[in-house]
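Here chain A shows up in two complexes: once beside chain B, once beside chain C.
Our next item is the complex of A and B:
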């Protein structure tokens, strides 16, 4: 007997899963989202945040480009707050790039992408940081920045308001079946280890790069190729608009201005497992070198951290590898393909097209449940009720200018000074049971995403865990240590200049003053989930300390 | 990481934009006298490098809290990463004021020289008015100058005219030929309010074989800088740099006001970015700094009259920005019979025109309260401070007599 039942279980708390949850809820279907980590902690949260105009795919992957065009326009309507209309440039830097131009212009025309060639003088006037090597500039006004965290939280909050439920840090360990029909999932709480059996009529597998692992629990094969991408975060936006190289999509050819930072991306290397994402120095170096070809100041800026995400490329059986593979997506009806009823997978795709993916998979599942309500996710904005979501989270507007802070009284100290997070921005999330640790707070408030990488906000947030959540001191300290540990794993790839000095301050503050390493060493716990392995904060401090 | 690979990266402390260098260590907030005294101030770290990351020349400036920065510069002195915290705050203040307009009060306080010239011309009347409770009440209501704040006394005879007169008299005398010549940047305070300090500076320098000349000069610009008017300060600065650049080589510039000296030395070439300011700054010295250099060269006249006096020394915040230590204390310890004690209680709170303003007066007195208590407890003859507004504040808050350190030196040289 299941512990409780719901209509549809959506596995995976990325943009697709959150989108599907919202879509189900809007069609009036009872739904629950199960995520083994936190929302937006996998592929979505580790994307570079480029809202694709489609320009990047228009030559090699026209179908994906057309989807980007359509979905980009829809997202601008429904997820206004998550999007910053930066526009974008496609820049030719070398002769080969110039040879690519006619195909690019043709592709844009075919896909219906607005693309305008502008003079170099005009481009330099708008973007003074353009490098001297730039030969040609195309202006694509529909490129933008999409905040992946805000997008997922927005979808989830919208679904919750319609009755959907969310369980984070809950892993699906098995399924219950009756003959060929899936009748429920068995989950395990990642923290308490508690097993729960959830009965349902259908399951949507929206676990992206992890789809194969989930399908395997039902002895069904889903071939997803995990392809790693490495990104480097700089502490300020070097340009107003997104910067792309006008060439065959390759490594390090995008610079995205996202809120208060710039993100250099990315690489494409096939990895054996979606959670093994080592970041190599040559990849970081490549990001800086390639970025510097398009923008001045890339190598002089303060690199804050490097991170790696994994693309969930769906193997359509072609011989393609990495970038050659289509960014298109597919809905796999396992009843039809494998004879397993009540189980549907959605694979491939990208964040920009998440809504369409959710619509397609929800459509298949809803039809099976006999629900004929049409999809309305393209018409109803995420924050449809009195902008509740906007009230939940004040965020820096364009150029991260602290606009919401205008006219505000300046009495209260901030929680995170780097990202201007106020106590009232953080507090509502402390009441959300989906939030377990401080990394989860980061994804919802941006606290800890600035130059100091949680050196300061970590202890302030830990304090709020005690005062607002009534956790005991030891638990809050552990939460702080975990937060610093995951931050550290990104920071250690950019140890030079400012960030190296920053690390000295951070370690001095937390390890010397707060004696945090003693606690970390005593516990001897494995590193937090979902990060590549390597030397941790405490080990590094121990190694460099005189004995 | 292989060391050869580092050639790619130029993010180093020397070359990078200073806002990038902030490591959030919070050292600046811990020394900030305003942050220490009020809960409503987020401190220099927030107003400086952190907000700077979000400031955009095309967007309206967030001004909340900016006006609470008193401009003492202690944050900059303290910053281990050499971040120009004050410059960011000043530029944002200036931009905010440009967008929103300046109040009459801030405009007036920025135009100190104009105001002082007027006060000096109408000295008896101005001084009467400044001490008249009815006038002060009106000033508080209309302009926003706190009624309890004693305003400086104006003198009808300016230092400029005194010096001109003296030179005409001296022309008839035969003065011994001097090896050294200095140009005295006396500043508005000496010119309009405390001519006697200028007289003492001239006397001490001449006694030590230094020829003093007084070039024509404009306000240094610091009152404009701290009243959100960098544009005006720059106009003044350009004029001063132009005039002072024409001084013959080998002529050093002396300032007896801490803040004027700091403007010449540092802010003209940094905050105000005035072309040609660097060579002017590099030959500018604080009066006590210069005299100590004379001493180190073995040229300071040490034939002091012994004094029997116990004095306290308060180091002004802007003096700390000079990065020269406390030369006044070293000098005064050369004089027999001077018992000097340093009161290390931080900022006095007035910060130039900050503590004059009606909404800042209480805060200013609160910041200075530690200093006042210490001065009262010490029960000394007088409190020495290099900065004129510090002296005003100490006299007002602690009820003690306060003077510039050179006054003790002048007394020891028999100047009456």
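Our next item is the complex of A and C:
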């Protein structure tokens, strides 16, 4: 007997899972999302944030490019606050790049991508930081920045308002079946180890790079190739628009300005497991060197950290590897393909087309459940409520200018000065049981994402865990240490210049002023090194249970 | 510009070196490259809190422990500077603090363990009187008192932590908050705003009233730990009067930056040097030393819009830390600004750090090799210049974070470098 039942279980809290949850809820289907870590903690939250116009795929992957064009236009309607309409440039910097240009222009035309060749003078007037090596510039107004955290939280909150439920830090360890039909999932709390049996009519596997592992629990095969990408975060935007290299997609050919930073991306290396994502120095160096070919100042700017994500490339059985593989996606109806009813996978794709992926998979599942309500996710904005809940409404992206307190006559307190996070931006999340650690707070508020990398806000947020969430000091201190350690692991890869100096403030504060290293020793628990969420979550899980 | 002895640096090592020269009747110039990061976090003078970075038992007697440390590790910074320099430098520093108007206490024979803003016991050696009430060697109950709307000191967090690691009896540690008068709820205010307000008698009395009313334990042996905001400058006066008005012992606890304790200390000592006739060259980072015949003849200073040369008979390079901007940390090399020597080379930036932030970091060890006289040395141990001496964090192996020894190491090396400079 299941502990409780729902209509559809969606496994995976990335953009696709969150999109499917919303789609189901909007079709009136009872749904629950199960995520083994935090929302947007896998591929989505580790993307570079480029909202693809399609220009990147228009030569080699026309179908994917066309989807980008259409979805980009839809997202500008429904996810306004998650998008910065920066536009983008495609730049040729070598002769080989120039040879690519005719194919690029033709591809854009075929895909219906707005693309305009502009003079170098005009390009430099608009983007003074363009490097001397730039030979040709194309303007693609539909490139942009998409905030992946906001996107996922926006979808999830929208779904919750329609009755959908979310469980984070909950791993699916098995399925219940009746004959060839899946009747539910068995989950385990990643921290307490508590097992729960959830009955349902259908399961959507939206676990991206992890799809194969979930499918294997049902003895069916889903071949997903995990391909690592390394990115470097700079503390300035450097350019107004997204910068792409006009060539066959390769390493380090994107610079995405978004919010207060610019992100250099990315590499493509096949990895044995989606959670084995070592950041190698040659990858970091390559990002800086390649970025500098397009933009001056890339190597001089302050690098704040490096991080790695994993692409969930779907193996269509072709010989292609890594970037050669399609960024297209597929819905796998396991009833049809494997004779396992009630289980459907959505694989491949990318964040820009998450909504379409969610629509396609939801369509298949809804039809099986006999629900004929059409999809409305392309028409209804994510923030479709009257009262203020938009946690990020003060952001520059929304305001158009970095004036967080416009119209207010005095300065208000901030939890995080680097990213202008106010107490009221943080506090609602302290009541959300899906939020367990301070990294989870970061994904929802941006606290800790600025130059000081949580040196200051970690203490204030730990304080709020005690005052607002009523955790004890041990848990709050543990959360603070975990937060600092996670940030530190990214900072280490760009440890020179200002970021090295910054470390002096961080160690000065936490080791010398607070004596935090001894506090951790007194707790008799060495600081964890490993996953983002670290330890201390068992207590967090307990504390967030409704009292 | 020609001087007797030039001291370069903005931290405690530079201040102590300058003061030592002054007291010895010399005429030093202090070249202040700009505020170091530690300016914002410095609170006490820690000499040796723990024997090593992994010890959990605090050192009880720093002088004795340093004696043992020196015997066991002849290359340790304390061994190079010498226990005598630490002793003489500490006496000089305490005298100076008194003369400059501070009330500090402590000595090398005893550490005092005080609670931090995370409620963690931490051993310090020389401390302002205003912090002394926090001595965890005494068993009086502790009440952490914070201010509503001020999140850079969270009394609830400090109380929860300290009650698990220290509390003598149930309920002997607790936290409370009072609403500070004059600060509208929801309005941003910092430690500086509070400290400035505390210098106003009416504000201070009003706060004292509210604290007294809130604790409501007339006669009980409790002490009140507050964020270190009891006056921006005249700390002794404000603290003593506030304590009287509250009716219980009150002690300050250092906060997130800006640290009022550090501002009080550095601003006052720097001004005191100026008041007593020491010339200061402001915000002028050094970028080259000119050396010939084994002696440094001048150093070049460079700041936006200004370049100047300073000539002196001897130089004390008292950089606060390898990372305070004085050292140039490139992608693969860390170079010093005077001799442009590569002090550390790494193929990969991650080599400069460990995977955990809470462990001793390789980058903190970077600095000059030194001779027995604290001269910066080449790879063979020969001085780069006979008349240049190093103090503070620019010395290789100088990593006070894990052992909580920043102040003591600054004093010992600053004092010793000054002695050597006079003899040069």
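As a working rule, the second predicted complex is superposed on the first by the 502 of 547 C-alpha atoms of A that agree within 3 Å, B and C clash if a C-alpha of one lies under 4 Å from a C-alpha of the other, contacts with A are read in each partner's own complex, and residues count from 1 in each chain.
Quick note on the criterion: a residue touches a chain if its C-beta (ideal position, glycine included) is under 8 Å from a C-beta of that chain, and two chains touch if they have at least 3 such contacts.
Remember, it's a predicted structure, so these values are computed and weren't measured experimentally.
Q: Give one word, clash or fit, describing how chain B and chain C relate on chain A after superposing.
A: Because the two structures are overlaid on the shared chain, the partners are seen to clash.
Q: Could you tell me if A:301 is touching chain B, chain C, both of them or neither one (first, second, both, neither)?
A: After superposing on A, A:301 lies in contact with chain B but is clear of chain C.
Q: Of the two partner chains, chain B (first) and chain C (second), which one does A:451 touch, if any: first, second, both, or neither?
A: first
Q: Check the residue A:489 against both partner chains and state whether it touches chain B (first), chain C (second), both, or neither.
A: Once the two structures are laid over each other on A, A:489 reaches chain C alone.
Q: In the superposed arrangement, does A:260 touch chain B (first), chain C (second), both or neither?
A: It touches chain B, and chain C stays clear.
Q: In the superposed model, does chain B or chain C contact more residues of chain A?
A: Counting contacted residues of chain A, the larger count belongs to C.
Q: Output check: A:236 vs chain B and chain C. Expected answer is one of first, second, both, neither. What do you get?
A: After superposition on chain A, A:236 lies in contact with chain B alone.
Q: Just chain B (first), just chain C (second), both, or neither: which does A:122 touch?
A: After superposing on A, A:122 lies clear of both chain B and chain C.
Q: In the overlaid three-chain picture, which partner chain does A:414 touch, first (chain B) or second (chain C), both, or neither?
A: A:414 contacts both chain B and chain C.
Q: Applying the document's definition of touch, where does A:180 land relative to chain B and chain C: first, second, both, or neither?
A: Neither: A:180 stays clear of chain B and chain C.
Q: Looking at A:460, would you say it contacts chain B, chain C, both, or neither? Reply first, second, both or neither.
A: In the superposition, A:460 contacts chain C only.
Q: Chain A residues touched by both chain B and chain C?
A: Shared contact residues on chain A (touching chain B in one complex, chain C in the other): 281, 410-411, 413-414, 456, 495-497, 501, 504-505, 509.
Q: Chain B touches which residues of chain A in the complex?
A: Those in contact with chain B are residues 235-236, 260, 281, 285, 288-289, 299-303, 396, 398-403, 405-411, 413-414, 417-418, 420, 450-452, 455-456, 495-499, 501-502, 504-505, 509.
Q: So in the complex, the part of chain A that touches chain C is made up of which residues?
A: Residues of chain A touching chain C: 281, 284, 410-415, 423, 456, 459-460, 462-464, 466-467, 472-474, 476-477, 480-481, 484-485, 488-489, 492-497, 500-501, 503-522, 527, 529.
Q: What residues on chain B touch chain A, complex-wise?
A: My answer: residues 1-2, 5-6, 8-13, 15-17, 20-26, 39-42, 45-46, 50-51, 53-56, 59-60, 62, 64-65, 81.
Q: Spell out the part of chain C that touches chain A in their complex, as residue ranges.
A: Going by the criterion above, the answer is residues 37-38, 40-41, 43, 46, 49-50, 53-54, 56, 116-122, 149, 151-152, 154, 156-165, 184, 186-189, 254, 256-257, 259, 321, 323-325, 329-331, 347-350, 352-353, 355-359, 361, 363-364, 400-402, 404, 406.
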